[in-house]
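Structures are listed in the sections that come next.
Look at the two complexes coming up: subunit A is in both, with subunit B in one and subunit C in the other.
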Partner chain A sequence: MSLIQQVLPFFLIGARNTLIYCFVSFPLALLLGLLLAVMRSSRIAWFSSPAKIFIEVIRGTPIIAQIFLIYYGVGAVLAIYNLSTFDNSWTAGIAVLALNYAAYEAEVFRAGFLSVEHGQTEAALSLGMTSGQNFFRIVLPQAIPLMIPPFVNDFIYMLKDSAVLSVIAATELTTVLQFFVFRNSSNTLPLYALAIVLYLLMALPISYVARWYERRLRAAL
Partner chain B sequence: MKPEIDRRAFLKRMGQAGGLIVAGGTFESFLAACGGNVGSGATTPTPGVTPIGNAGLKSPGVLQWGSDYVSGAPYVFKDPKNPANLIGFEVEIMQAVANLMGVTPRQVETCYGQLDQALAANQFDFVFNGWEITDERKKTQLFSDPYYVYAQQIVVRADDPRFTQYDANSTLSLSVLYGMTVGTGDGYKAATILQGFPQITTKLYTGNLPFDDVKQKKLDATFLDSPLAAYYVLGAGPGGVPDTALKPIGKPIYTDVYIGGFNKSNPNAQTVLNELNQALARLKKDGTLKKIYTTWKMWNDQQAAIGIV
Partner chain C sequence: MQQTQTITRVEPRTRNWLPVINALYYVLLAAALVGFGYYLYSNLSLITLYLPFLLQGAGVTVGISVVSMVLAVIFGLIGALARLSRFAPIRAIAIVYVEVVRGTPILVQLLLWYFGIG
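Showing the complex of A and B:
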C-alpha cells in the first residue's frame, strides 16, 4: 500500500497528461476527419484523390513509424531553421494522434453520411433547400447519433494508443508506469494494477456520457 | 494392376513422410522465429579443452539468454549487412560460453523494459544485456561475475558553443549539465544517476536512443553507457559509423560492471550461474574476452580490475 501511496501522485500526473493528449488530439482528428470525408465524397478528383491517398497511407502504416516521421523527419527539417524545439514530445505527439485518427474518423463520417437515405436529400432539395442547408439540417443531425458509438470507441483506443508516445519521451501514464516498474522490479503487480484502474477510470465515464448524449439525440429526432 | 497400385501407394506414403520430415524441420525454425529466439547453431567443445557443465539449463542443450536487439548495438543487434544474423560483443561472448559448455546459444528477444519480468517468468536462463546490479534487483536476482567494466558518458552536439572548451579527456562532473535538459534510456543506470540531480531536467526514452534529439537541439545532452557512446558517436566496432555532429565530453564517470542476471526463485539458477562463472573465468584468462573487446574497440586498462588478460 505504501508503494501505491508513494507512486500515486506521479501516476496521476501521467493520467492527466494522457487526457491532455487525447482531449486536444481528438477534436483535431474530428475536424480533419470531417474535411477528409467531405473531400473524399467529392466528384472532383483533385479533392477526392488526395483524401483517399492520405486515408490509405495513414491506415496502412504503423503509428510508431508516423511518430518517428513527425518527430525526427519534420524535426530535421525544422532544425535547419533552428525551430526544432517546436517539434517536441507534446506537439509531435498531438500531431501524430490527430493525423492518425483523422483517417479513421473520416471513414466514420463517410459511413454516417451514407447511412442517411438518399431520398431525404432529394426531398430536401425538392423543397427548395440548398445543398448546404440539406447537409447541416437534414443529413448531419441524423448521421451524428449513428457516428457517436464509433467515435467513443476510437477515443478510448486513442487513450491507449497514446502509450506509444513513450518512444519520444512523452510523460503519459504508460511512461510513468514503465519508470516505476524499472525501479520496483521485485514488486510490479500493484503498479500494473494501478495503471489499469486509472485507464478504466478515464475510459468508463467517457462511455457513459457518450451513451447518455446519444440517447438524448435519438430522442430529439 | 495390383503391384502398380501398391507402388503408387508406396511412393505416395514416402512422399508424405518426406514432406512431414521437411515440414517438421521448417516448423521448428518457424517456432523459434515466432518466439523471438535466434539460435546460432549447435556448437562442439574445443578439442583438448575440459568442457564446462551444462546442467540446469531451461531446455537441455540450449543456452537461452534474454536481451533486446532493438537499438542494441554494440551489445546485440541485427547485422546491417545481413539482418538475419545477430551480432554484438555479447553475442560473441555467449557463443564462446556455449562453445565451452557444448550447447547451442539462443538469444531470446525481449523488450529491455520487460527483461526483469521475463526473467521472473523464467522465459530464458538469464539476462545478458548490459545488466547492472541494483538494490531492487538484489531482492529477486542473483548475479554472475562481472564481464566488462564500463562507465557513463556525456554526449553533446559537436558545434555547441557551451562545450567548445571540453573534449573526451576533460575531467568533468554532471554539474556541467546543470540547468540543461538531458536525455537517456528509461531503465538505464544513467536514469537513476540523473534522478539524483534535480538541477538537471531528465527526459527518459523507451526503446529509442536520444542521439537525434541532441542533434536536433531538442536536448542539450545525452548521458548513457560508454559502449553506446563509443559505437554510435565514435563509430567504434564492426559496422560502426562515426557521427561527426556529436562528441563525447569528459572522461567516463560512474564506473560500474556488467553482469548476468539470474532469477533467484529458479531452483536451477545457482547451477547455471556457477557454470557461466566458470566459463567467464576461462574466457578472461585465455584471452577470448580481450580479443572480443579489442574487435569491438572496447578494450581499455580498466578491464584488468576484473581479471581480464
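Showing the complex of A and C:
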C-alpha cells in the first residue's frame, strides 16, 4: 500500500499528461482529417492524390515507426537549421498523434459524407444552393451524428496509442510506469495494476458514453 | 405559322483545364518517384548492407502476425462462447477480460507479460 501511496502522485501526473496529449491532438486530427477528406474527394489530382498517398502511407505504417521518424528524423533536419528546441517529446508526440489520427479521421469523414444520400445534394443544388451551402447546410448536419461514434472510438484508440509515446520519454502514464518498474524491480505487479486501473478509468467512461449514444442513435434512425 | 423560338441551352461548365493540370501532376509524381528511386540508388551501399536484416525483421513481423492471428481467432471464439454462456461467472470473466484488454494499451500489456509476470 505504501508503494502505491508513494507512486500515485507521479502516476496521476502521467495520466494527466496522457489526457493532455489526447485532448490537444484529437481536435488537430479532426481539422486535418476534414481537410484531407475534402482534398481526397477533389477532382483535381494536385489535391486528391497527395491526400490519398498520405492516408495510405500513414495507415499502412506502424505508429511507432512514425514516432521515430518525426522525433529523430525531423529532429535531425531541424537541428541543421538550429531549430532543435522545437523538437521535444511534447511537440513530436502531439504531431505524431495528430498526423496519424488525421488519416483515420479522414476516412471517417469520407464515409460520413458518403452516407448522406446523393439525392439530398441533388435536391439542394436544384433549389439553387451553392455547393458550399449544400455542404455546410445539408450534408454536414446529417453526417455529423453518424460520425460521432467512430470519432469517440478513435479517441479511445488514441488514448491507448499514446502509450507508444513512451519510446520518446513523453512523460505520459506508460513512461511513468516504466520508470518506476525499472527503479523498483522487486515488486512491480502493483505498479502494473495501478497503471491498468488508471487507463481503464480514462477509457471505460468514454466507451460507455459512446455505447449509450450509439444505442440512442440506432433507436432514432 | 412559323414561330421563332429561342433555345437557351445550358452548357455544363467546361473544365478543359482539368485533364491538363492532372496530367501535369502525374508527370511530376512520376518524376518524384524516379527521384526517390535515385535517392535510394545513391545510398545503394547502405541499403545492400542493411537490407538483409530488414528483410529478416519483416519475416519475423509476418510470422508473429500469422501465429498471433490464428491464436487470436481461436481464443476469440472461446471468449465469444464464454460471453454467451448460461453460467453467470463464466460470462462475467469473459466480460471483464474483454473490457480490461480493450481498455488498456497493448504496450502496457506487453510490459506486464514480459517484465511483470515473466
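Note that the second predicted complex is superposed on the first by the 205 of 221 C-alpha atoms of A that agree within 3 Å, B and C clash if a C-alpha of one lies under 4 Å from a C-alpha of the other, contacts with A are read in each partner's own complex, and residues count from 1 in each chain.
Throughout what follows, a residue touches a chain if its C-beta (ideal position, glycine included) is under 8 Å from a C-beta of that chain, and two chains touch if they have at least 3 such contacts.
None of the values given here were measured: they were computed from a predicted structure.
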{"item": "Which of subunit B and subunit C A:183 touches, first, second, both or neither", "value": "first"}
{"item": "Partner chain in contact with A:108 - subunit B first, subunit C second, else both or neither", "value": "neither"}
{"item": "Contacts of A:161 with subunit B and subunit C, given as first, second, both or neither", "value": "second"}
{"item": "Partner chain in contact with A:58 - subunit B first, subunit C second, else both or neither", "value": "neither"}
{"item": "Which of subunit B and subunit C A:194 touches, first, second, both or neither", "value": "neither"}
{"item": "Partner chain(s) touched by A:84 [first = subunit B, second = subunit C, both, neither]", "value": "first"}
{"item": "Which superposed partner A:97 touches (first subunit B, second subunit C, both, neither)", "value": "neither"}
{"item": "Partner chain in contact with A:139 - subunit B first, subunit C second, else both or neither", "value": "neither"}
{"item": "Contacts of A:49 with subunit B and subunit C, given as first, second, both or neither", "value": "second"}
{"item": "Overlap of subunit C and subunit B interfaces on subunit A (superposed complexes)", "value": "166, 178, 181, 188"}
{"item": "Residue ranges of subunit A touching subunit C (in the complex, touch as defined)", "value": "43-46, 49, 156, 160-164, 166, 174, 177-178, 181, 188-189, 192, 195-196, 199-200, 203-204, 207"}
{"item": "Residues of subunit B defined as touching subunit A within the complex", "value": "113, 116-117, 120, 136-137, 139-140, 183, 186-187, 191-192, 203-208, 210, 212-213, 215-218"}
{"item": "Complex contact set, residues of subunit C against subunit A", "value": "15, 18, 21-22, 25-26, 29, 99-100, 102-108, 111-112, 115-117"}
{"item": "Partner subunit B, residues of subunit A touching it in the complex", "value": "72, 75-76, 78-79, 82, 84-85, 87-89, 166-169, 175, 178-179, 181-186, 188"}
